[in-house]
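You will see chain A twice below: alongside chain B first, and alongside chain C after that.
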Partner chain A sequence: MEGKHDVLVVGGGLTGMRAAVEAYDLGADVAILSKLHPTRSHSGAAEGGINAALGNASEDSPEEHAYDTVKGSDYLGDQDAIEVLCEEAPADVYQLERWGAVFSRTPDGRIAQRPFGAAGEPRTAYAADITGHVLVQVLYEQVMRRDIPTYEEYFAWKLVVDDERCQGVIAWDLLGGGLKAIGAKTVILATGGPGRMYAGSTNAYACTGDGMAMALRVGVPLEDMEMMQFHPTTLASNGVLITEGCRGEGAYLLNKDAERFMVHYAPNAMELASRDVVSRAEQTEIDAGRGIEGNVLLDLRHLGAERILEALHGTRELAMTFAHVDPIYEPIPVRPGAHYHMGGIDTDVWGRTALEGLYAGGEAACVSVHGANRLGGNALMETITYGKRAGHHAAEWALSHTTVAVPPSLERESERELQMLIDRTDGERPWKIREELATTMHDNFGVFRREDQMLAQGDIVQGLRERYERVVVDDKGDVFNNDLTQALELGFMLELAQCMVASGLARKESRGAHARPHDFPNRDDVNYLKHTLVTWDDGEPRVDWRPVTITKWQPQERTY
Partner chain B sequence: MTARRLEIWRGDASGGDFVEYEIAAEEGMVVLDAVREVQRTQANDLAVRWNCKAAKCGCCSAEVNGRPRLMCKSRLDDFPATETIRVEPMRAFPLVRDLVTDVSWNYEVEKRIPPFAAREGADWLIGQADVDRMSEFRKCIECFLCQDVCHVLREHDLKLPYFGPRFMVRVAALEMHPLDGVDRTDLLHGEGGIALCNITKCCSDVCPEGIRITDNAIIPLKERIVDRRYDPLVGLVRRLARAMRRGHS
Partner chain C sequence: MQVALKVWRYDAVAGDRALREYEIDAPEEATLLDCLDIIKDRVDGTLAYRKSCRMMICGSCGMRVDGAAVLACKTRMHDIAQDGHVPVVSAMGNMPIVKDLVVDMQPFWGKINAMKPWLEPGYADPGEKEYVVSQPAMDPIQKESLCIFCGCCVSECNSMESDPEFLGPAALAKGMRFVGDPRDAATVERLQAYSEEHGIWDCTRCYFCQERCPKGVDPRDAIAKLGAEAMKAGIDSDMGAKHAKWFVTSSRTTGWLRETELVPKTQGIVRSLKEVKFAMGLLRHGKVPPPVPPHVAKHVDEARALYDLVKSQTRDGAAGIVQGEKALSRIEFEDAVERDPYAEDSFPKPRLLGEDAAE
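And then the complex of A and B:
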């Protein structure tokens, strides 16, 4: 065993760091393990902001925040989990401020809040358009201040399960080479989403759903895997995200006739309808030939140079670099792109999974606060509040239990399995499979879903999995072997893709991000007001169901 | 699609050389795309660090045609079509392999800077103007291109007692936090080695976030140190005291 801890947090983004800080403050010996240096995590790319009912810009309350979130989720979010989030959010945001996070301000010096999609009040606190980056820096400072050890550039590959509980992780040491076992009384998976399985994704290259797949492989159910959110404003060239803050500031969406087409889809909220609604509207316009080379236009020009430079400076930089467009003078071509996975590892409100000792939080988890559609600004809030809660419970559990064991047989078995992959010389290169997965997921499991395409995609993914059995890694070395880690990531994504398609086929209705206009155009609360739960059954996904938790908001028709 | 030639440095601490590759470049491609294409199709064992592909994570720093740059933010069409694009690792840091360097020296320096701590009795009301003052500094993505180009660090193998431009920016962000109650001027003047910076502004030139490191972070910090440490009146008293001591001995 390379190391032994009370709590091991896998993933160094906002959820992971917040969990680690909480566990440390409760007195646990905690460590972070991540395939990246923590500040390189994809949390840092979050631009727009973090939602909490501070009431600084208007009368607001946690209850209103909860209602907007419930409605935004298309009633698939668990209302108990949503209430926890919205009630704890204000104090959690002020805690970040006490740690040095400086948010943009109101004229009287309080934290400013701006309107975001589908929010009844201006509720999104922000640090210009680099909110995620600012929070990552501040939390990393808290990690450093506590001297929390970090296994940096360690690629987590397997969970250690012994005596029917999770007792650690087996990871590949990227810099030094070799498999390392790290024992822990509790493990928190904070590994983010699997957006890279899509061609055209805002996600960083590291977002390959590692934790979800690791959990799946030890029998932990994944919840609502069909719910992949497509963000309405991404750049065609490389999927880079253009923040919802643009529309929060008043930007228009135009089709090729310069018409604000949202008037046909969400006449009240217009560009600030929820993300699923806007993405579908854009895709409908593009499919009907009213787009421009597969894009619609995001027009900021009327905001004026001064406001753009002040509030959307980073966005302007991105547009200029990656689209060769200066939004002060020209509209930005944008289209929907895979952005955030509402689904994930099934947890309760303390981040607990079905496996004792295993916790999850953030995008890797599904608690579920986002249901079928996440509201902008709620993801950052979830990382903080549910990171804290997972850290809290994992630490308490660890402090009341004494033993950790990583069976040597498990280490040997993992080493053999990896060696087999490395030794293979005759077969297919991983990137071909990866590329096919990404383009077919985009085509067959995107903004709109059709039964025949989903069935075809199931077969395609099954075929790719068979080809993956003979995948070949050319780099046989120990030091920074990208070839090997990309092959392992591909293995994770293939299994997750199959879970997503299976869940999508099972949900015969349209709800939030799961839109089936051709066969089941409406929401069906009688039969599908429930979560999909996928487990791995002899190498195949099996879909079970669990009812949505409703506390006070009965499902209603959802219009914006 | 057009053919583009790249020379990529291959090797490790024991030695290496540039290897030439040719790829089919698509519209809008950046150097990181090209390097990934090379890795995918021609050099499967090429080691590169990457993540966000959007100039936000600071992973993919390298020297492109001799200039420190983020590979993900360098468009191929910014270079003349006939030119071979030469990509090599940051030279100021120890090499791990190919384009990957060991930048952990920076993370160790970072730990030596006292974190934010609020002044006692802070009311947590902050003016937007105060936020604006520090906003430039917190854009830093820690790509360490400024550290790479800084001759104080680069030409002396990180052995001189200077934290480097990145950490002058970090200290500036902390010092200009309107509610911060920690004084880091002694640290900067001492082990931080700010005096070693002779304001050649190379760091500002390579910053992908456009932070004016020298003008807006380092020079104001130098001035702050002068203000706090070199009060002319205090200086006069010290000199007099020294003279008197000499007189007595």
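And then the complex of A and C:
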């Protein structure tokens, strides 16, 4: 065993760092393990902001925040979890400010808040359009302050399960080489989403769903895997995200005739309808030939140079670099792109999973606060509030239990398995499988879904999994062998893709991000007001169900 | 498009270095990072480099192109390829190479950590509310807050090349992020710590960090702000501070830089005595004017008026530099444009259903 801790947090993004800080403050011996340096995490790419009912821009309340979130989720969100999030959010944001987060300010010096999609009030606290970056910095500062040890550039590959509880991870050490076992009384998976399995995704290369797949492989159920959110404003060239904050600041969406087409789809909220609604509207316009080369246009011109430079300077930089468009003078071509996975490792409101000692939080987890469609600004809030809660419970559990064991047989077995992959010289390089997975997921499991396409996609993924069995790693060395880890990531994504397709086929209705206009165009609360739960059954996904938790809000028709 | 690249490969185990050339077919919009991906996937999987966000925010893919640090994800290959130029890609400087384009950043993180980069709140906990602070009061650290720790500035830092212990531009910019934060209570302690050897005054002001920063942090300006804040706080015993102070005193009193006195004013009388022989030589050859009587400029009153004007505006310390930065960015932006976003050849003005009828 390389190391032993009370709490081991896998993933160094916002959820992971917030969990680690909480566990440390409760007195636990905590460490972070991440395949990236923590500040490289994809949380830093979040742009628009973080939702909390601070009431700085208008009268607001946690209850209104909760209602907007429930409605946004198309009633698939668990309302107890949503209430926890919305009630704890304001204090958690004040905590971030106290730690030093550089939020933008109102004229009276309070944390500034902007309107966001499907929010009844301007509730999204922000730092210009680099909110995620600013929060990653402030949490890393707090990790440094506490001198929390970090296994940096360690690629977590397997969970250690012994005595029916999780007792650590086995990870590939990128810099030093070799597999290392790290024991822990509790493990928190904060490894983010699997968005890289889609072409045109907003996600970083690192977003390969590692934690979800690791949990799946030890029998922990994954919830609502069919719910992949498509963000309405991504750049065609490489999928880079253009923040919803643009529309929060007042930007228009136009078709090729310069028409604000949202009037046909969400006449009240217009551009600030929920993301699923806006993405479907855009795709409908594009499919009807009213787009421009597969895009619609995001028009910021009327906001003026001064406001763009002040509040959206990062967006301008991205648009100029990757689309060669200066948004002060020209609209930005945008289209829907895979962005955020509402589903994930099934947890309760303390981040606990079905496996004792194993916790999850953030995009890797499904509490579920986002249900079938996440509201912009709620993901950052979830990382903080549920990161804190997972860290809290994991630390308390660890402090009241004593032993940690990593069976040597598991270490040897893992080494043998990895060596087989490294030693293989005859077969296919991973990139082609990865690209085929990404383009077919985009085509067959995208904004709109058809039964025949989903069935075909299931077969395609199955075929890719068979080819993956003969995949070849070029790099046989020990030093910074990310050729190896990228191959392992592909293995994770293939299994998750199969879970997503299986869940999608099982849900025979249209709800949130899961839109089936051709066979089941409506929401079906009688039969499907429930979560999908996927487990791995002899190499194949098996879908079970669990009812949605409803506290105050009965399902209603959802219009914007 | 066809792209040709040369990459300095480094095998840490064998210690071998080799310049390898690659020719690939890449999409028109490909960045350097995209091209490296194509090489790694299809040509040679052993090529090592870091990457993650590919949108200029994670800071993973710092490397050198033709000897200058860049983010690979921000570097478009189209124009380079069209010119027929074959760029040489290599690992960043001032950090040990681990493999190929991957450097060991532990010394970098160690210096960031040495800044004690966390807020020491200088106010009572406001409880269930945020601390109230105006946007203009927070503006001085806006640029420093943009830093993504990519290391491009450190790669190019000339001071660090001669003194590996120099804190360097990234760490010092992080330091300024706290010194300039009105909420922080440890300003003086920070300025004292940052003013020690290997700190603020060891920067040679070559401005390479500023030139190579891909995020507009302007680390050299941050270091200048730290120096100005240190002097404002009376932390000026370092030779660098004394040197800067003499520039001000000299120009205020005589309108000139009196170089003859610069050495004793900076180094102190005792240390300067060692230089007397050298100084006499310079004097003999007419390289420096005699110290007495002081050479006073004809319009010294203008220099004094300028000094008084700056003083009267109470822009001591970093505030003056921040003001200058703002003025410059405004000038740069206004110079760049005199365009109408709704001109004849632009995309038409947006319209809403029914607006046509109204017109």
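Odds and ends about this structure:
Following the convention adopted for this analysis, the second predicted complex is superposed on the first by the 560 of 560 C-alpha atoms of A that agree within 3 Å, B and C clash if a C-alpha of one lies under 4 Å from a C-alpha of the other, contacts with A are read in each partner's own complex, and residues count from 1 in each chain.
Criterion: a contact is a pair of C-beta atoms (placed from the backbone, for glycine too) under 8 Å apart; a residue touches a chain by one contact, two chains touch by 3 or more.
Owing to the predicted nature of the structure, the values given are computational and were not obtained by experimental measurement.
Upon superposition of the two complexes on chain A, a steric clash is found between chain B and chain C.
By the touch criterion defined above, A:Gly458 reaches neither chain B nor chain C. Contacts of A:Ile328 after superposition on the shared chain: chain C is touched, whereas chain B is not. Once the two complexes are overlaid on the shared chain, A:Gly195 sits clear of chain B and of chain C alike.
A simple residue count on chain A separates chain B from chain C, and the partner touching more is C.
By the touch criterion stated above, A:Leu297 is placed in contact with chain C alone, chain B being left untouched. Once the two complexes are overlaid on the shared chain, A:Arg145 sits against chain B and chain C alike. In the overlay built on the shared chain, the residue A:Leu36 is in contact with chain B and with chain C. Of the two partner chains placed around the shared chain by superposition, chain B and chain C are both touched by A:Leu241.
Of the stretches 203-211, 257-265 or 275-283 listed for chain C, only 203-211 runs into chain B once the two complexes are overlaid on chain A. Residues 36-37, 39-42, 44-45, 97-100, 102-105, 107-110, 127, 130, 133-134, 137, 141-142, 144-145, 175, 204-206, 237-238, 240-241, 314, 317-318, 321-322, 429, 431, 473-475, 477, 479-483 of chain A lie at the contact with chain B in one complex and at the contact with chain C in the other. The residues of chain C lying in touch with chain A in their complex are 12-13, 29, 34, 40-42, 44-46, 48, 50-60, 74, 76, 98-100, 102, 104-105, 109, 112-113, 117-119, 121, 125-126, 128-135, 138, 141-142, 145-146, 148-149, 178, 181, 183-184, 333, 337, 339, 341-342, 346-353. Considering their complex, residues 12, 27-28, 30, 33, 39-40, 44-59, 73, 75, 96-98, 100, 102, 107, 110-111, 115-116, 118, 124-128, 131, 134-135, 138-139, 141-142, 174, 177, 180, 210 of chain B touch chain A. Across the interface of their complex, chain C is touched by residues 36-37, 39-42, 44-45, 54, 90-91, 93-94, 97-100, 102-105, 107-111, 127, 130, 132-134, 137, 141-142, 144-145, 175, 204-206, 237-238, 240-241, 252, 254, 258-260, 263-264, 297, 299, 301-302, 305, 309, 314, 317-318, 321-322, 328-331, 429-431, 473-475, 477-483 of chain A. Interface of chain A with chain B (complex): residues 36-37, 39-42, 44-45, 97-100, 102-105, 107-110, 112, 127-128, 130, 133-134, 137-138, 141-142, 144-145, 175, 204-206, 237-238, 240-241, 314, 317-318, 321-322, 324, 429, 431, 473-477, 479-483.
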